[in-house]
Structure formats: structure tokens, C-alpha cells
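Supplied in C-alpha cells, the structure appears directly below.
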Amino acid sequence: MWINMGPQHPMTHGLWNLRVRIEGEIIEEVDPEMGYLHRGIEKISEDRHYNEVITLMDRTCYVAGLAWEHLYIIAAEQALHLEPPERAQYIRTLSDELQRIASHLMWYAAFVQDIGLMTPFLYAMRDRDLVLDLFQSYTGARMTYEYNRVGGVRNDLPTGFTDRTRKVMDWIYARFVDYDHLCLDSDIFHRRCDGIGVLSARDCVDWGVTGPMLRSAGVRRDLRKDRPYAAYDRVEFDVAVADGADVTARYLVRMEEMRQAVRIVRQTLDWLDKNPGPVLADRLPRWLGAPYAPVGREGYLLKRNFPTGRGFSSVEEPHGEAQAYVVNTGGEHPYRVKFRSPVFANIAAAQKYLPGYRVADIPPIMGSVDICVGEVDR
Amino acid sequence: MSGSAPPPSRPAVPVAGDELPMVGQPAVPFIEIEALRAREFIPAAKEALTDMIGEQAQGKLIRPVFNWAGRNSLFPLHWGLACCAIEFAAAFGARWDAERFGVLPRSSPRQCDLLIVNGTVTWKVAHKLITLYEQIPEPKWVIAMGNCATGGGPFRTAYSVVPGVDKLVPVDVYIAGCPPRPEAMLDGILKLESLIRERGE
Amino acid sequence: MQPDVLRERLGPILGPRLLAVEPFAGTAGRVRFAREGALELFRAVRDTLGYRHLAMVGAIDWVDHREVFYVAWSDEERDYLFLSTDLPASDAHVESATPVWPAANWHEREAFEMVDVRFDHHPDLRHLLTPDEYAFHPLLRSFKLHEPEELEVKTRNV
Amino acid sequence: MTGATLYSVSAALSALLLGAVASILPAPVSGWLTSADVVTGLAVLIFSAILLVASMINTIMLIWFERKMLGRFMDRRGAMHVGYAGLLQNFADGLKLFRKNTFRPQEADSLGFYAGPTAYMVTSMILFGVLPISTGWSSGALPLSLLLALAIFSFAPLFIFVSAWSSNNKYSLIGGMRSAAQMIAYEVPILLAVVAVVIVSGSFDLNVIVNEQQNYWFWFPLLLALIVFVAGMLAEMERIPFDLPEAEAELVEGWNTEYGGMLFAFFMLADYVRALIGSILVVLLFLGGWTMPSWVPAAATSFPLAGIFWFMIKTYAVFGLFVWIRASLPRVRTDQLLRVGWNRMIPLALLSIVLAAVLVTVRCLPFLGCVPPVGG
């Protein structure tokens, strides 16, 4: 019997359709159907200025907007041959890690609902709101920030931000214990999550699966360590790894990643306290525009001085490794922008890790994948 | 009856009250005719009953009570489309707690009153959205949450995006924002409540 | 791995089908190859050079020709490798990388619907993101975006 | 606790009403109206109406209680703005569902689609007539009221399955099948746990069972049976952690996916009626029913409605426990649920029967005193 789970289904956490063939309650075959949220971001980007694409990046992955801005910005800066100041690098690192906490809390909220826990959803949303308040205080928005700019970030951190952030981090770090109590101390949680959705390390590599799913299979791979960008080579942290490659292992990896993110945030805050400075490169080409200013008349006059180049970037966003490829053939608009989302590969591998389990296992397994359909469909 | 004569070869469809053929097999089984009669009786009886109760009583007593009930218990469909769905979820979180106003998301469209379109609607999902809207029993309302649902938002030029969900279903309340904050969503729901009160039904 | 090392190791396998190896910012290099040698190159890159992880497959429409690029990651080198091939716009097809990297499946489906590049021997080449009825390929340069009002008029005529 | 009972109150009310009506009517009619049969008949009607309204209001208050309590567990407030502290919220929900358009999917089976929820609702409501609430506040002293109650209680899977099957939806069907399997699996441990109570109290009559608990409540000596009974009741009521038939994550809304409007309200209400009945059964069998704790002063015990007061407090406390469980536990899987039911619950229930038999043989417990002779 084929059943359609989606596009309106409590399990999906987004807009996609999981077609499942079941025999009794056992899954025989799956066929994910994507594209319900395909907005043509790569096409729209071809008509946008380099800084205007950032707006689209927030909406590409709406739970990890700053990470996706960062992804695009690295590639765009490379394509335009620009170098951001060091303070901007640190602010981006800080933003990435705060975003990782917010995104993982959102994942936690959705995941516990999938296994029937209602209370932690509310707890996670409440703590996530604290992190979003921090975002709001320096970017002005809760979810769609438009904060990064080609050549730096839009504005510096407000006064008192670092102290406030430290307080929030202390609070959240203490809350992780409660989250673990609610899940790991429950026998039912282990009965539901242990040993399901197993995807071995070899299959992960074959199917391009990255991020917490890969690390839960025991592979110590993290772009922040292996191919450092921004200020990740100047902060200390450990790569969260777990064994088992099942839902519980992914849970453990994400919880540990949040703890490490708190650690990184504290280090960057210390650095930012000591090192004031510019956050935007001072010699930006005029046509790129200063932070709020649109491209002016001079910009068109300087057209023949446009640089050309290609930029490729790869960052460890909360869901896994994302890549961006920006082709600049000279002009105000990128010629072609291509993004690769980690969730894209993680869902494509569903035909490896779903069959053989029960229908009741689908929500925890797909919940442990941490799906953000916006970045899959783009 | 526009005056033109019915075509002569039209087969006679017997309805309740028509002369029934007495010999041979009746064209329609007897029980169905009885059912037809009963079906005709029910609206007539309803009409008589409505007259009996009178417009006054209905307008002053029954309708306000049901209106109060309807506007105070709006069950939205539990459906996340895009970015706004995250803020939709946040509105049910501890800080905003939309359940204070009796707003309780249900997963089945049959049990909902309210379709909150929280995100970009693409042409691929358009007919599914219409199906869901049609599955919600009357009376029902639609809130277009966010710029994408209102008019396409930043993606309005894209080839795959519906420029505004009001092209597909009738919308009662539009909420601006990209995405709207949870307060804005709650405000939209309260706006809808006052709208229901104003409309009277 | 430096570009000249890459050329040294891939040259014997591909021969003339290896067109060039150029340095590419932030990666090990960019290998340009002729499409006849696609599968051999993929196998060599995966098994000989150790780039086991396929990160992305994409295509670019250069109006006169189309470019298909592959990005692979090696755990040993800790670096990415770009592979790219140019296809004529009139006859854009290349061998599918699915037998070598299963991860290529969805990426190639996406490239097929977006840039109209056919992948031979692909197990399931259908549209991934857009509905099957869409006859156009959005990421071709010839496809222009409309203001929604124009689009509306267009759909009404249909 | 002597004096007014629910039946005597309604009989007096009936006689008063009929007398008033008869005084303005001519002789033959008034004579018939005041005859014993008619008075009794009207008294029964009034009795049922009072019972129905009281139980309905209690059920709706139970929903409010759950929503508020869940809200507190989750750091929020629950319903707030409809009535004082949201007290009228569920009335608004009910009226709204009453007004909604009722419809049937085209491919659904008409008879089953409408009969299922109705029968489910009716069989749940009948139980209120069987269970005693306090001395004199029951519909009748049935010698086998416990068995009757459990028999009616176990009708539910049939109707759930009928409505799930006839709504012609795959999710409903899976939910209905899960529901039937789960309820049947947990009937057995529930009945076995009840046997332990019956052995100790020596009767199937709920009144007698409660009276047996005058000295001490059964929860302490029969703790094992209580645990089995509560777990079984959770499965019967389909509440977390055993709410698989309506598991939201995978089965949309489970077996009531296709139901809307009033039929959905029937399901919702009947679910909470069953939750209330479950709590009442726990109170009656293990927590001493309307008997009061020994520290309550004697003056307070003779207050007319004291028994009902204590009964309701205990019932809501037991339901609060269910809500607490719901707020803090994840959901188990079908096979695990059934395995727990058949492999763990039944042996435990059998063990509790053995313990009860030992208790009856020994007759005396430390701290608690002696059990009265069987059948007393």
C-alpha cells in the first residue's frame, strides 16, 4: 500500500511529500517528492545585485539564515576579490554559532514532538526566543537578518551585547541538562530511538550525507576544523562525534554541538571585547554600495572596471556542509549562483535509511535528519 | 424556463409528485422516490421552523451565541509552508502562547476553521492548497500570513511562485511582514475575530 | 594536491580527454575534461585520488555552450576538487555519475530540469523541483523572469 | 450520609411538579398524573437529566483542567481570554463544532460513518449511569456493576474500528487497527487487576467495594494491581504514552482524521468521558471512593455533599496524574506497546492476584489492621 505523507502532514516539518510503500507496518520503499517550495532563488539571484542576494539567502534556509548568508558571502567575496576585516570575521563566527544554537533548538523542538513529547517543544522554543532576542539586538530581525555584507557585516555589535550574550549562554548551557533529562533519562525514548534509521559511514559518504548525520556514524569530519573559514582556526572547540549512526547518536551529536557552540561563542565574545575595529572593508567599490545606499549613478559609470572571477565556498551550517558557487563575469549581477544544501543529500539518502523500519519510526528518523525544506528546494 | 421548448427526445426523469408508471417496472425504485420525497420535506420543514422561531429570535439570541463561539475557537490547520511557519510555531510557544485565545492547531483539515497560509505558495502546491481549503467545513476563514502569501513577497517575479494566495482562495485577513512576528500573527487572529463579530456570522 | 600533481596522475588514465588542469581559488584545482571520458575520470577521481564524497553537480548555461561541473571532497586531502566539462548547447548530454557516486542522482535530476542537460544512463531522470508539466528550463539564459501581471495574462491565455 | 439521595431528590421534584400541574387540570387527568407510575417515570427522567448534565459539565471542566494544567507544565497559561481564566473556552469549542457543517467524504460508508461516533459516544455516556458517585447517589445497586461497567467500557474498539474503516482513509484505517489491537490487548490485564480487588473485597458491586475500603484504601496492599490498572487505563483511554491510534506525528489525527464538526465533537467528548470514567474507576477500586481520610473531623464527614466532594477531589487528582504523565513522556511504538501488554502486564496482574489471595488468607497487615471476612 502506498501512502502519501505530505505535503500537509505533521511529520514533514515543511513542504514536501514522502511517498511510502508499506507492507503491514513495515516500510518497503520510499520516494521523497520535493519541490513544493521551489521559489527559483538561483534564477532570481541572476537579476539581483550582489548585496541583494543576501535577502534571498535568509529565506533559503529560514532556520539558519546567518549561516547561509555567510556561505554566500564567502563565495561572493572570493568572486569579487574582497577581503573582510578581522572583526567582521569574528562577528560572523559568533553569528554562525548563535545560529547553530537557535537552529538546533528548533530541531530539538520539532524532533521531540515527533516522538510524542510535548513539553520540551515549549521549553526549546522559549530558549530559542532568547537567542533570537540577541539576533534582534544587533541585526534588527528575528529570522531574516540581511546582516552580512559583501566585504564585512552591516553594523557593529551594540553596547552591552557581549554581557547580555554571556548571560544567555550561561542560562542555555544550564538548560541543556534539562533537555537531556527529558529525553535520555526516559526509557521510552531509548526504546523509540535506539537502533533505528541507521546509515553507516560508508553509505553516508556514498550518498553525500554530511553534518550531524555523518558525525553520528563515527566520522570525525567538520569543515570548521578541516577547512577553516572565518575565525574558526583561532577558536578552540571539539568536533562532536558519536557511534551508532542511529537517531539517538544524532541526538547526542547535536546536543554536544550546541555545547561546543556555547564554548565558541564565549571565546569570540572575549576577542570582540578586546579588539574594536572596523566591520566593513574600507575600500569597497562604489558600485557595490555602502551599507544602506543603493547602487548610484557612478556605479553604472564604472562598469568596465568590474572584476571577474569565480567564488566557491563551503561552510558547516547547522544541517551539514553547504556549498556555494558564484560565477562573476563582470557586472552588477552574478552570472550564475549555485547552492548545494546538505539536507538535499540527506533526504535523497532516505531510500537507504528508511526501508525496513516501521511506519511509526518515520517521524523520529526524519526528525533526526533535521529537515529544512527551504534550502532543499531553494 | 427560458421559453424554449424542451427537446422532444429527452428521457423522462420521474421526480417526486410526477405521475408514476403503474405497469411494468417502475423507472425508479419505490424506496428512492420515498427518499426523494423525504429530501424535499426536510428543507420545507426547516423553512417552516425558521419562520416559527422568527428572524428576531434568531438574530438576537442564536446568532450572537454561535458567533461568539465561532470567533473564540478558531482552529487553524497545522501546516507549515515556509519561513512564516517557524514564526507560526513560535506563536504557539511559551512566550506568546496563542492558545490563550482558543487557537489550537489541528492536523486534519476536517477539524479546522482557519487556513493560515504561512509561506510562499508555489504553483506546484497550489492545487493541494485548494483541496485543503475545500476540505475545511463551512464556516471557514483564510489568513494570508506574510508577504509571500499576500503578494509573492521577494519571489513575486519567480516562475514558480503564486503572486498572492488570493489568486487561489478567498482571503479574509492579510498580515504584513517577512516573516511577521508572532505578535503580528496574534494581531491578525484578533483582527479576524473582530471581523467575524462585525459580519455577524 | 597541486594542479600539476593532478595532471600527472590523471593524464595517463584519460589521455587526450583531459583538457586542462587549472588552479582554482580555495580548492585543489579545476579539471577540465572532454565528455567522452566522464566515467573513467569519475572512477579515477574517486578510487585513485580518493575523492569519495560528491558534494555537488551543477550546470551553467553559457549561451553558446553549457558547462557541467562536479565538486568532490577528499577526506585525506581535506580539499575540494572541481571537475568540469563543456557541452554543445544543441546536444547537451553527458554520462551520469550515479554508478560512481549515488549522491549524484538528485543533483543530476535538478541540472536536467534547470539547465536542460541530459544525463545518459541515469536511473530516474525526471523533474525534481518543478512540476512535470513545466516545459521550460528556468536557468537557461534565454528564460526571462516575468512580472506576475504578465505571467497572469499568459496563464489566462493558456 | 443518610437522608437526601439523588433519587429521593428527583422523586420529590417530580411529585411537586406533577402536583402543581395536576391542580389546574380536571379530575381524571390529574388523578392519572399523580399516580405512582407517572411520578416514578418522571423521577427517573429528571434523575437521568441531572446525571447527564452533571457528567457533561464535569467532562467539559475536565478538558479545561487538562488544558490549564498542560499549560502550566509547559510554562504557559493555556486558555485565558474566553470567560474567567478560559472557563468558557470549551463551551465555545463545543458550540462552534455544533455549528460547523457536517459532511461525509464521498467514498465513506454512510452507515458506519455516522453510527460509529454516535455509538462510541452513547456507550461511553451510559457508564455514568452504572458508576456510583456517593452513597445514595447512584442509579441503582447492581450486584455486578463492576463487571457491567468494564463490559460497556470495552465496547469502544468495535465502534472506533467501524468508524475508522468506514471513513475510507488509510490513516484512519491504520489508526483503527492499532486502536483495536491495543484495547483488546489491555483489556486482559485490566480485568486481571480487577480480580485482585474483587478477591479482597469479595464482591462485584462497586458500592460494596467502596464500603470495604472504610478501614483502609486498597491502593497500598494492592499496589501492583493499581499500577497494572493505571497502565491499562492509559492504553484504554488512548493517552500519551499509549496514544498510538491518534499518533499525530505519523497518522495525522489517527482514526478521526476524516471527522469534522459534530461527529468530531462526539469523539472528543467521548474520549474525555472515558478519561473521566477511567479516573472514577481508579478512585472507586483503589482510592476508597467517597470515603474520607481518617484525619477528616467527624463533623465534616456528615456534611451532605462531603462524599461527593471527596470523590471529585480524588477523581481530579487521578486525572491530574494522567495529565502529568502526558506532559512528560514520549509515545511508545505499537509493537512495544503490545509486547509490554502481553509480556509484562499480564504476569504482573497474575502476581497481584496471588498477592491478593495471600492477603485474604493472612487477613491482617502491619500498620493497617485486619481485613473484614470475605463477603462482609
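The letters A, B, C and D name the chains in turn, as written, and every chain counts its residues from 1.
Just so it is clear, a contact is a pair of C-beta atoms (placed from the backbone, for glycine too) under 8 Å apart; a residue touches a chain by one contact, two chains touch by 3 or more.
Here the structure is a predicted model, which means the values were calculated and not measured.
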Taking each chain's C-alpha mean as its centre, the one farthest from chain C: D
Whole-Å gap between the CA centroids of chain C and chain D: 65
Rounded Å distance between chain A and chain C, as computed from the means of their C-alpha atoms: 24
Where chain A and chain D are represented by their mean Cα positions, the distance between them in whole Å: 49
Distance from chain D to chain B - Cα centre to Cα centre, in angstrom: 35
Sites on chain B at which at least two other chains make contact: 93-94, 107, 124, 157-160
Set of chain D residues in contact with two or more other chains: 74-76, 248, 252
Residue list for chain C, restricted to those that touch at least two other chains: 130-131, 138, 143, 145
Graph class of chain-chain contacts, one of line, ring, star, complete, other: other
Residues on chain D engaged by chain A in the complex (per definition of touch): 70, 73-76, 170-171, 174, 240-241, 243-244, 247-250, 252, 326-336
Interfacial residue positions of chain D with respect to chain B in the complex: 67, 71, 74-82, 86, 88-89, 91-96, 98-103, 248, 252-253, 256-261, 264
Chain C-touching residues of chain B, taken from the complex the two chains share: 123-124, 152, 156-160, 163-164, 167
Footprint of chain A on chain B - complex, ascending: 77-83, 85-87, 89-90, 92-95, 107, 109, 119-120, 122, 124-125, 128, 132, 154-155, 157-161, 178-179, 181
Residue numbers on chain A that touch chain D, as the complex places them: 1, 3, 5, 9-11, 25, 112-119, 121-123, 126, 182-183, 186, 188-189, 191-192, 358-363
